[in-house]
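See structure below.
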């Protein structure tokens, strides 16, 4: 039985995480922290009534460390890296949902997040929590940087194609559509029901904070520095991300079945990545830890279309997948 | 050409009002007030770009009176009645969207709105802006109390049945379902997209502020004091209210066609009230000033089902209907 | 390991059932039938890709019986009872999703379903699959009549109040709101996206086929024949039913806490029924086998408000709950 | 007063057209045709109750011609061109909603619509009903080919940029998102509420029938033959199309303000096209005949983002705009 704490337990990713962990036979949740809420968690989230009723507490890192062997940090960026070092020093393993340990360069972090990194020395040494690409490092890690939701839909389909030199590294365009839960639980006009219902909009065009993360990991896959164009859209639905990626073929005469074969081959043993023939929609992976990917050749472009549930494969599901690897559980436990 | 000002022009009812008035050949909008916004109105509401670009201004009652012959007040309760007397003294006619002049008793007002009424002397002398019932008083009024959205769906179907003694005044149950725009434009957790999408909830059961207004006008129709049971629901859609009313027949053997005939007779000359045979849905009246009503006899109950667009027939459309009456325009102008 | 077959496996309840059974450690799915589809089930439902790929087959009862110890029948009414007798004769246990064995009287069945009952002799001898009320009979049954979705939201809150004589049996009004998945997977204009999105409507007012089922089981609870008024609404969301019930207190001075105590007491050991203080919304039980219930005293009425996921607690979840009881598994297995 | 008939009056574009024409002071609707429906139009579309109650009739071209000076044809492709010649011969002017007269080449038509063109001789001589580009030809035309909804969102933003040589003609990528009403009123699994609610999918990737139309008119703008990549998405909302276009700058150092200036200049006198600074969403133009366009420079791409209401600016609104031009009415009549 692994004792687990969740930092910043009021948000949607934490709620989803709690629901997954309730199904995990190896987990005992021992602490839920919040700086604002003090009520039991099932008062904040009535979907938890009858399932878990831990109080929300404002705990120090030391107090958390005394109660938990593993911490899932759902704190905002910078806040997360401010507390994680002390947790690690106290022998706690951490899965970090924030962006704090995803980027390798403190300068890039500062440019995009507009704050000095609180734990810059550790950057570049923390594995990115995408087991399909970095399983080995995750297994032996004390700290894992859980991926962003959009990056998951970009890195999974494009990494094999870049590694196999099927697509060029330049001029990759990512047109992504996300459900509104990706914006978090804090009420804002953007996420006010009458504003985003019956509406689709782009936002943060060319400057979304997931962009440097996408660039970093696709550059690693390509073996050369690349910069994608990334356009996120806010879509009137709760959950899901669909990313249409438009890439240039690296040589002529590449066929759809060739691309699908490369993808299938790459992910053949992966429990949560499926290469499909049809055009996938977000709903078919909603409420699962799965990613469905297909590919098409259209004109002079290779397209991939990938779908995930932004809160599960894009956040809490992959966090538990990482936890399972870090603690020696079956990787798919609580996730099927 | 009538000069018109709108107080509290940032909200959804004001936006809807502006759109209707843009189609009104007799109206010139001369002032839009806000205590917070100073931007042009089409920056606040991008749907107005290319249509109207008046600035939002923080104006005194006197300044407003100097610019307008008619004021639509979309201010919150109490704030509205705090400024309306001065407008009236300056010869301005007012359509008030707030609840301030709907109730006849200052005590009832205080009980439900938890504040002393700022202009209590005027209560009971202001016509309720429901032309189907109070057209004559509206025509000669300087101030009209525009009805609430829920009350419109209760008072229109039940008034003829109460007047004709087809239903009893006791034990009337109103089960109402509203779109989210009824909650206003201010972000709150309740109206946060991921909270109310894919969700239906009751709220303010037995204590919604529209209850005394419903009771007052249905009591007038019944000729005796009555108290309904009223259950509002928040429904995952932008617009519309559907109210299912359950009333006791006042005598035996009342048939559906008898009820429909009474309703048809009562509303036969009304441009915006239709008695229909089918079970109406909110969508068929969305974006119109119309109310569709049907009736059924079910077991030992008479049911009426009524639908409106909460922002139009439930607010801004009827406000313009009142304005047309007060200023001698064709009643349906800009509303068809 | 229990071998399980599903009849009529193309619909939404079957899909939901398959997803639950995939999590059940004691179940092996061995046959999925369809009269129209022959493709593997994951081609019909892409959400099953990588999880199960059984073919859809057009099998006789005998063939099904040769493969399965338990059959879940998701066939339409009359079609289900036409095949179940042969399954039972072959020693197969059956959970029937259709209405075929819910009603006790062949005459009532014929009146509402407009067809002669194919297996009338068995009526009245089949337990209703609501473990909270009929657990003992279910445990020893070979055939269970799985409840309708609406009836679940009516019978669970009202049964304790009728049994304890807190409410009168006459003049009970049920105003119910359901998501669209309740209408099934077959495309019809009513369920066409642009027709039901941004719309709420009543339908089948006073004549929904779940009415006799509600009346029958509430009459049993009351110990006297009763007839409720039942108004279903189609609500623009996928899943969920919220039922507001309006009942007359059987005596004066009944308080909200008294009612809640009776309900809490009645359901204190039930894993899937929670009596809550707040006003529950459908979303808090979506994708779970749970029912949340609260109560209010409003004017001269006692109200209960109950919410379920129509496809889970209202269909496939309770079916698995029944299966667990019939086959000696932990009742909550695969359902938490 | 112009007498107007609508062919194929049961669908959503016809309904929208009727609503607009009801506001048009110069129009009298004299005939509505349908091959299936015979009920009055307000029985088919309850939103028309109290507004218009013409019967649906199965009329020959000759009969239609005897009643109307202008015909709006909402018939399917090939069916429309089968009847239009006879209407024209009888002196009737026609606005055709189908694709029949949009393409200039009978071969291209046959390739994409898989049927021989019934009136091939007229191809290439019929103006495309986009007044912003072809106003002069429309004014003098007897037949106008009303544009497709997706093409409107592609051609309006990109034409000025191609004409001014700001973007290259090759490697243009169009990523479009449409509401479900674009799929028509006929129930299909794709448009079944539980299938497309809470879902976003691509469809017809690389082979949507609007593609040749987009290519043809963008080629005209570019002065050279081009082929775009076009990816339509089905988005869970009723109305609206948002198109993100990714084009290569034709030279270096083009700035966002330069592009916006070119667009503003091009459309400065257009009543329905607005060049905006913010990132527009579909909701801000819903239920209007407007198109909002913005532009961004992102990495090595010029992006335009354009939004319309697919049923109005993408169909019935522009049809009335064309009608106004053809019959000498104020172009914006009934459309503001």
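Per-chain numbering from 1; labels A, B, C and D assigned in written order.
We adopt the following convention: a contact is a pair of C-beta atoms (placed from the backbone, for glycine too) under 8 Å apart; a residue touches a chain by one contact, two chains touch by 3 or more.
Not measured: the values here are computed from a predicted model.
Centroid analysis (C-alpha atoms only) places C farthest from subunit D. The pair with more inter-chain C-beta contacts, choosing from C-D and A-D, is A-D.
The centroid of the Cα atoms in subunit C and the matching centroid in subunit D are 46 Å apart.
Rounded to whole angstrom, the centroid-to-centroid distance between subunit A and subunit D, based on C-alpha atoms, equals 39 Å.
Multi-chain contact residues of subunit A, defined as those touching 2 or more other chains: 195, 197-198, 236-238, 280-281, 283, 286. Interface residues of subunit B, counted against subunit D in their complex, comprise 22-23, 45-47, 49-51, 198, 271, 274, 276, 278, 280-281, 283-288, 290, 292, 336. Looking at the complex, you find that subunit D touches subunit C at residues 12, 180-181, 183, 185, 187-189, 191-198, 236-238.
Residues 171, 173, 175, 177, 179, 195, 197-203, 205-206, 227-229, 231, 233, 235-240, 242, 244, 246, 279-283, 286, 296, 298-301, 303, 305 of subunit C are the ones touching subunit B in the complex.
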